[in-house]
């Protein structure tokens, strides 16, 4: 009922709906969103910069803390990149353990997302319900890795801890629990009338736009783009799983429309997929070592001899994470580049904000499952504390300079 | 750090928290939420998350403060009405943790605002957060005693 | 002396208007004191009539030129051509509130209208307007009714156009004049039709003689439609917004009452002139009632929906006037529809009378709170130099009294207890539903829409940060304006808190004056 | 004499009892909601602790706020909520206890309908006056809700009035006392009962909408607009608002109980409890009333809010203005037809 | 929809998931509770849990391997004179530690280990409860991390 035609609305960086600091500047007319601008950078911690000062092993723990929610994805991609550069062959058992950990994490991440999405639309009971289910997988992860979150289990050339046979029952129990609870949870989440009211036909990302804006992960899959790194560029145990294919809303009998509800379907169904994958890995777990080199010092000195570059791609719960590392006879990488899924998906927000109301903003934002923590590339702070924004020309100039510096 | 001599007594049974992420890795944040989940149910202590600093009694700060968010942190802190407590959750908030050499960090938090309780861990388990809250109660009790002795 | 009161009430302001130029020579302050005392005198004289008429249920007749003016000739005078004033409960009620609003309007104008060469005319016009209103409420004579209507119209038109230095007011005044003269000419036609048949202008006389010919009905239409038009009922409401929004605020406040005077005419004509207690069914009351009800509901709805989209505060309030007129029409319409109905008046006694009570109570309430709201709008315009809501903000920081007055007015118009609007609306809701439940539902719904639209004004103009840079006038309010709004607030509160007393002592006699069936 | 004492003491008593009971209900509500969510939940007295804490907190007045409106709004909201409660429950208890007091006629449905709007209007003004954009959006939404819920509420009111005037010619048909003494269900055929059910169904939405609970809490949606209306309130003003909310919810639930389940103890069992020369039936009635209030609160507020997501404001408006209005209208039609048929 | 409602009602009536650590409600005196009151245990952790670090001052040889590998710079060395030989020992600042256990793995003398304690909150981030290592750690100046 404002008397002005449009008015600005700033959401963030400290907004209760988003646990992460990011600022959205909207132009609103009545309750309708007209334009949107996103201001990133509040969580920029210069991870890539720090990484260049550290050795290969330390970086693992730094990368885990790019984002604590899918904290295995970044180290995984990093390990894959370094292993590629150094031509290290990971033992098969380690590959399977990596897969199990990765899928357990996907499980917890998707459950977490469902809860957060429910919270965004004010359905706190569902939020508490999914998070309560999620405790089980966290317990399982804690037992296997020693920590609930930020597991610290990956290392270059394998994993740091074996899943010893006495841990099998724990894992099996977890799987049984989820097989047991899945069907009911699926009904509760997807069949709720008020959830459908809030999620259907909201925040639509069409198939074309999903392609054009390079959406990744469940966001892309919900728009009908069968894009999944686990299938397209399989690593770890994925090449052995023949039945693996990207989840699509079609699995739930719904033509992909790319709305929030589709993303919800994809994630919920991926929960089941993850359980199946873990089950597969447990049944086919190879014997053998879990690490090529358990001593960190030795591993560092091995890597110090390497010159080369490597790329690691991994399907994080939110989509593709890729790391690019240059090794150049140093204790750590000469250069490290991180590309996180929100980096791609964040741009699709602009399309999703077409035709939404204020009330939809949180759920639309949440629908790509952002974790801004690893998309925050840079903030520019000059010595006087005065901020300025860099233009693309500036960035180009800077990157040319940097490339020259590195290249020589 | 109790700055004014306002009675904190009633804070003990009703602690409304505003969660402030100042550039954390989200792990601590989700553990805060987990603390409110049925398993740990912090609400049985009268703790609830509120949506605006105006309603808050305690700031739960996670993450070491990035340069860009520094001002917002101060502003949020000022918006919280007295008496207020600040609890820092996670190692990186207390001491920058794993991000020691970052140029983008203005933290740790106690450089800007007075902190009452530190909860280390990366991230701390929900029980550790509950324990940290118990520590905050202890602080409240102590201040009560001091107030009682003074008057 | 007392027996001459009826004529004095009209004559005093009329004479005052003529001697005003002379008084002005003495200076501005004596003039103001003089006019003020005239207004007070009119008020006091009117009040002094209340006991007689309202408590002892008398009807005063005053025959100009008779040897003993108040010698009561038997009902329906033998000599039909004489100027006759007849004061019953309804006339008095309307006149009292016209006079109060007149006083408030004058007080408010004191510093509001700048003191220049034309202020004199302004005051004269105010007095004439008062004369017009009270005159047409007192007269029992169709031709005089027409004359007073003309006085009222012309003074109103002049006042609307008063601020000739601005672009729109002259245009609005012209428009008003056009509408008025159209209306009054039709009215005159109706009067002529009556006179042609009965050879008299006296309403009581005509009423007694009425033979319910087709011509009568045509005359009724010719007289009622123009009055309804002047009252601003849908579908003849288009002039209201222009006129109300361009006139100076105190004039708008009085215009509201002037419109109510026209509405008075509608009721007076349909009951006193055409109503008949002896004939079985004189006109088809049921149909007439329904027509009025439908007009009322339309006015209600169209007024409020138009108001919701306005950005100009005075236009917004003007559309609310249309909407409020709807309530009065609804209440009285239901009364008319069941008046002398098939059940021999049972329905009328059960709820019809109550509905009329509500409708008439709403008339005086409306003149109070609507007047008050226009006065606060005057303050807004004075502060910001524009009536555009988008350019106003944060008035509540400094104009606390105006804000309170606005809140009182807004809550009253929205029918929130304990303000006066609620009392009358309550009566309307609780009686109308007997007639047709959906009318009540609509009335309630419109009430909430009204509230919403005033919340919008409240938010836009009064709340928000204080913006000194937008103000064009930052001086304290003149006391006259404050006093004007204060008086209105007082009446709203009194009528809201003690509606029973108001109904018993003012409204019931008014209905008794209208409806002879009782 | 008794009348006088009653008149003087009653408002104070209702004020205290209303706040205490309102907060208690909030506590029970939170507790039960927690049970739905498989956790222990806060103690039932938690709202009292919260109030105690808020009372001693600093109350910050935002810079842009219009101070007197900002401060006045919560107090107005609280006092009008208490007034509402007085209007609703006092006549009912007077009726139950058989005391003849002029207040017996106070509970007029339309008065209640309009008093119901005052707390909302007060809060909206307070929210608007705070100068925060979130609060302004919340206030707008609250206004929209206020408008939309009015229509079904008006229909319900009128339905009851028509029904009452059919049941009892001489009684004031909008009076709660009349409604309480002639429970709707008693005089209706199957069609009427169906109609009554539909009205009750509309109340399942009206009560949460009026008391701003999920799925109709758009005005203070935490995740969208950061508590909206209440965003800038702190300290004791927030406490007043919370109390007003408690009292208003209580009043709404009492209204629902009186409209739909007014039966006293004797009506239900046909018994009177006497002992030692005293009649304890009133005490039984009071207990019964509280049991009903708790049950209705549990079903209409707690249960609805835990099994639903928040609607968008556009959806809320549509649901209230169309669906619920149609539901209540068909309730009206059915009851009307029922009365009509039984009159034949 | 029905499934959800049914499930939630089922939860209403079934035992709650809450583990009432450390007590069910806010205790009247937290002092007494912490000083050995009746604390309900937290959810048990498995053997492999990476909790608070334990350090064996005697076995340590001051080789500084742990300091080098620590990703959070949580370990600092300080000089000591042990058996009349100059040597070094470590302090571990738990408030910096990420509990990655790299230091445990790398230590040649196995003098570091991880316990199961995780409740470490305190009023002072460098307070006694949050520093592992030297007995005289207080004398050892804590380097202000903000100073640099």
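Note that the chains are named A, B, C, D and E in the order they appear, and that numbering of residues resets to 1 at the start of each chain.
Just so we're on the same page, a contact is a pair of C-beta atoms (placed from the backbone, for glycine too) under 8 Å apart; a residue touches a chain by one contact, two chains touch by 3 or more.
Computed from a predicted structure; not experimentally measured.
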| item | value |
| --- | --- |
| Starting at subunit A, fewest touch steps before arriving at subunit B | 1 |
| Those chains which touch subunit E and also touch subunit A | B, D |
| Most widely separated chain from subunit B, with each centre as the mean of CA atoms | C |
| Chain nearest the overall C-alpha centroid of the shown protein atoms | D |
| From subunit D, the most remote chain by mean C-alpha position | E |
| Centroid spacing, where centroids are CA-atom means, of subunit A and subunit C in whole angstrom | 70 |
| For subunit C paired with subunit D, centre-to-centre distance based on mean C-alpha positions, whole Å | 38 |
| For subunit B paired with subunit E, centre-to-centre distance based on mean C-alpha positions, whole Å | 19 |
| Whole-Å gap separating subunit D and subunit E, where each centre is the average of the chain's CA atoms | 51 |
| Multi-partner residues of subunit C (at least 2 other chains) | 452, 455-456, 459 |
| Subunit A residues counted as touching two or more neighbouring chains | 1, 16, 61-62, 65, 125-126, 128-129, 132, 135, 150, 192 |
| For subunit E, residues that touch 2 or more chains besides their own | 4, 8, 11, 16-18, 20, 24-25, 43, 71-72, 98-99 |
| Subunit B residues touching subunit D - in the complex, by the definition given at the top | 6-7, 10-11, 13-14, 16, 37-38, 41, 43-46, 50-52, 54-55, 57, 79, 81-83 |
| Contacting residues of subunit D [partner subunit E, same complex] | 32, 35-40, 43, 306-307 |
| Residue ranges of subunit B in contact with subunit E within the complex | 12-13, 38-41, 44-46, 88, 91, 94-98, 100, 108, 110-111, 115-122, 124-125, 127-128, 130-132, 134-135, 137-139, 141 |
| Residue ranges of subunit C in contact with subunit D within the complex | 394, 396-397, 400, 403, 411, 414-417, 422, 426, 429-430, 433-434, 437-438, 440-441, 444-445, 447-449, 451-452, 455-456, 458-459, 462-466 |
| Subunit A residues within the subunit D interface of the complex | 1-2, 7, 9-10, 15-17, 31, 118-126, 128-129, 132, 192, 194-195, 197-198, 357-362 |
